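Some notes on the structure that comes next.
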């Protein structure tokens, strides 16, 4: 089996596992005093979804042409599989669901990046708030005790505002916060980059249009330096003229990408 | 009626409604102990302006060629119309007034983006400060009690500085803050993108000029790899030379920018 | 006198006035318990430098071809001249001194932007710290009492970190802070834009080089789609060959762009 | 000896010195109550590594063609060598080790920038946390007492979140913080710039592809304005056709790229 086949076949099981994990993890964190049997079910779901991710990871390693290099280049994947703390990152798997939504709807690359940024940000905020609540709730000196506060904290952190009215005090909570801050920097960067490339792509056709109109204005005087386009236009005209006098094969005119006539 | 006609006709009523709403909302928030009849008038104005926005929204849905898709693609519009909390966002409608100011005055795309960013930022700060003051004033543990403090809070938030001397404590206030923070990220991004695209557009003509001067330096030696421009220049010169029936002047070969030989 | 002459002649007086203002303002703020005669001298210097800026502004308005429009387009200049609070912004005038330093030393546009950003940032931090210290010192509840703390506050603010251990409490101090925060956003934006345009300018020649090497690899097979450059190279070779054998016709009929023949 | 030889030969000694300094500095800061002989050894290592950096700096000055100018253009290097406070910046030297890791592995410029940003950020956070801990530990009113807290402070600072639960109070600590904040702004900028240039480079080929497909659609009608590429394609076809009928000299001598005739 090729790595591509493995990846394609693994898409649905992984997404289903991520959805199950989303439900079980949310339930576990948001309703702390659960009855014992429910807790046991949630643990099993947790283990099973973890198993799916482990199998996928092992499969990818085994099928990779250069295994050591693949592992080195996919260290984050290894960390997400190994560290229980990074479990919430499995939820990012759900972003593949976007593929089925935006197909054909959003055409521009910037539009697609924007859609991914919005959905990824919402997912990251949700996952970080859950993880932070689990880490901080009940810790001495903690300021994060409810899910609402955790979401509020996650928003102030990912936007890098950081009022400081709410902040983590435990080591685990701070690790979650660190990941979220880096996500925040990426978030800022992605928003800026999208706006920026949109602006650049808007500005350049305008420049080109300006150049073209200058070209048209300047083209009737052969002595003036002419832009490339106008130059090629004239070359074409001259060659078109050439074609007529000496019975050249007419089919050449339709040759899109130059199939040299035999 | 086409959707475009509807939009064009709705421009003025919507702008007038936004201005009225601006006045009534500001009055309501900034002068808390209003007499009963005034409050009633402000409520009516509020309802009327809301009505204008609802009519506009419904009209757009009805006239859209693919209704469900239009609604999906304009979810923010729906939220602004439905949620009383997002009412202040109606003030963004006033940005259309900019159209009549900058026409012909600001030519570059970056200039126009900069003007929009400045005006949108001022509007957002004003609207967020009003909404925050309404949400937080009088809440237990609140640090935002006057409009001045609310504006100060809005500025520290939109620039993502977030000292934390002033911050919202109510859920409604935090929702307003969340919207403002996202606006702040967009603000940062827009400023950066404008500067960035300006720089890129400045750098590229410089590169082109450098390439052109290199071309001129290298053009007299046919053996050296010449840039595209110079190449086409020589092609033109050669074809111009062809034009004259016979005994081609040999000096044409050296013609840098094609001076058609007499 | 043309506006350009006025501007050129005003350069030195304005710069000298800014230097004098820098010295007198720094002295006034940094050494609070000054003797009465010194204070009087500093006031006179302050008034004189203000006078130079007013004369320059009035001169520019009078000489502008469209006065009302000029005033509208240079509102910040008017504010700096009129509001005593914005006096420290006169120090930005000193940035013209950079012109004499970097001439010929820094060639790339990005390099020049970087140099301006660094110097402008240092100046803004210094000016903001002075203004903030003057505004906050002695205010009830103030946390800014020394110049060192003011500089620390200015740095945490312009980088948008905003710990909140030090923050302004007076209205004047908050206005200064607002200006500084906007400067901070511009600072962030300028750094990002410089890095970004540098990266883009590095990436594009690399792309071009990659395309060129692909071209060379693919060019020996005429059936494959060849890049533009290689194409023009071949055209040149063919035309070079044509030039020798025979005479071409005059009527370059159908010339789309450029009617060369008389 | 040329400056380049000096630089190449100095690479390994400097890197070894940086590694030794990393070990000795970390040990000194992280284990405060060291026995006297160990402290003495660490001091010697510190002095020796400093010596290596001084020798390298002096050598570069002596070998530079324009010494005064070199010093002016490399002021940061001088500061790092002279100020004990900036000693931790010597660790940035270790970034040269990246050269041996990424050779051939990361091909795109953005990939290499990303790798540098990640490694530089980790190094800067580590070095800043060490320096901050050394500066703040034991100071009155200090909130930074352990390495963990120092790292947490460094992360909240470099991402410009700045909760304000932990912040420096000593002058030395604030200087370290200032350097770290500027690094944070550069960090934000580098992330954004990398994302941005990646997006721009993705968008432009897409634009080109769109233009090309338009070209193909429009190419069969000579009257329509055709894009440059298609134009040159037709030119080639025409010239190829010319070549055949009249026994053209086969040796299209000097053909830079592409030997077409068999």
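Details
A, B, C and D are the chain letters, set down in written order, and residue numbers restart from 1 in every chain.
Note that a residue touches a chain if its C-beta (ideal position, glycine included) is under 8 Å from a C-beta of that chain, and two chains touch if they have at least 3 such contacts.
Heads up on the chains, UniProt names are A, B, C, D = Potassium channel family protein.
Since the model is a prediction, treat every value here as computed from it, not as a measurement.
Between subunit A and subunit D the CA-based rotation angle works out to 90°, given as a multiple of 5.
More C-beta pairs touch across one of B-D and A-C than the other; that pair is A-C. Residues touching across the subunit B-subunit C interface largely differ between the two copies, under half of the numbers being common to both. Centres computed as Cα averages put subunit A at a distance of 24 Å from subunit D.
Put simply, the C-alpha centre of subunit B and that of subunit C have 22 angstrom between them. Look at where the CA atoms of subunit A average out and do the same for subunit C: the two points lie 33 Å apart. In subunit D, the residues that touch at least two other chains are 160-164, 188, 192, 194, 196, 200, 228, 232-233, 235-236, 239-240, 242, 254, 256, 260. Within the complex formed with subunit D, the residues of subunit A that make contact are 69, 73, 109-110, 113, 157, 160-164, 167, 169, 171, 174, 177-178, 181-182, 184-186, 188-190, 192-194, 196-197, 200-201, 228-229, 232-233, 235-236, 239-240, 242-243, 246, 248-249, 252-261. Chain contact summary for the complex, subunit D toward subunit A: residues 105, 148, 152, 155-156, 159-165, 187-188, 191-192, 194-196, 198-200, 202-204, 206-207, 216, 219-220, 222, 228, 230-242, 244-245, 260. Residues of subunit B that touch subunit D in their complex: 160, 162-164, 192, 196, 222-223, 225.
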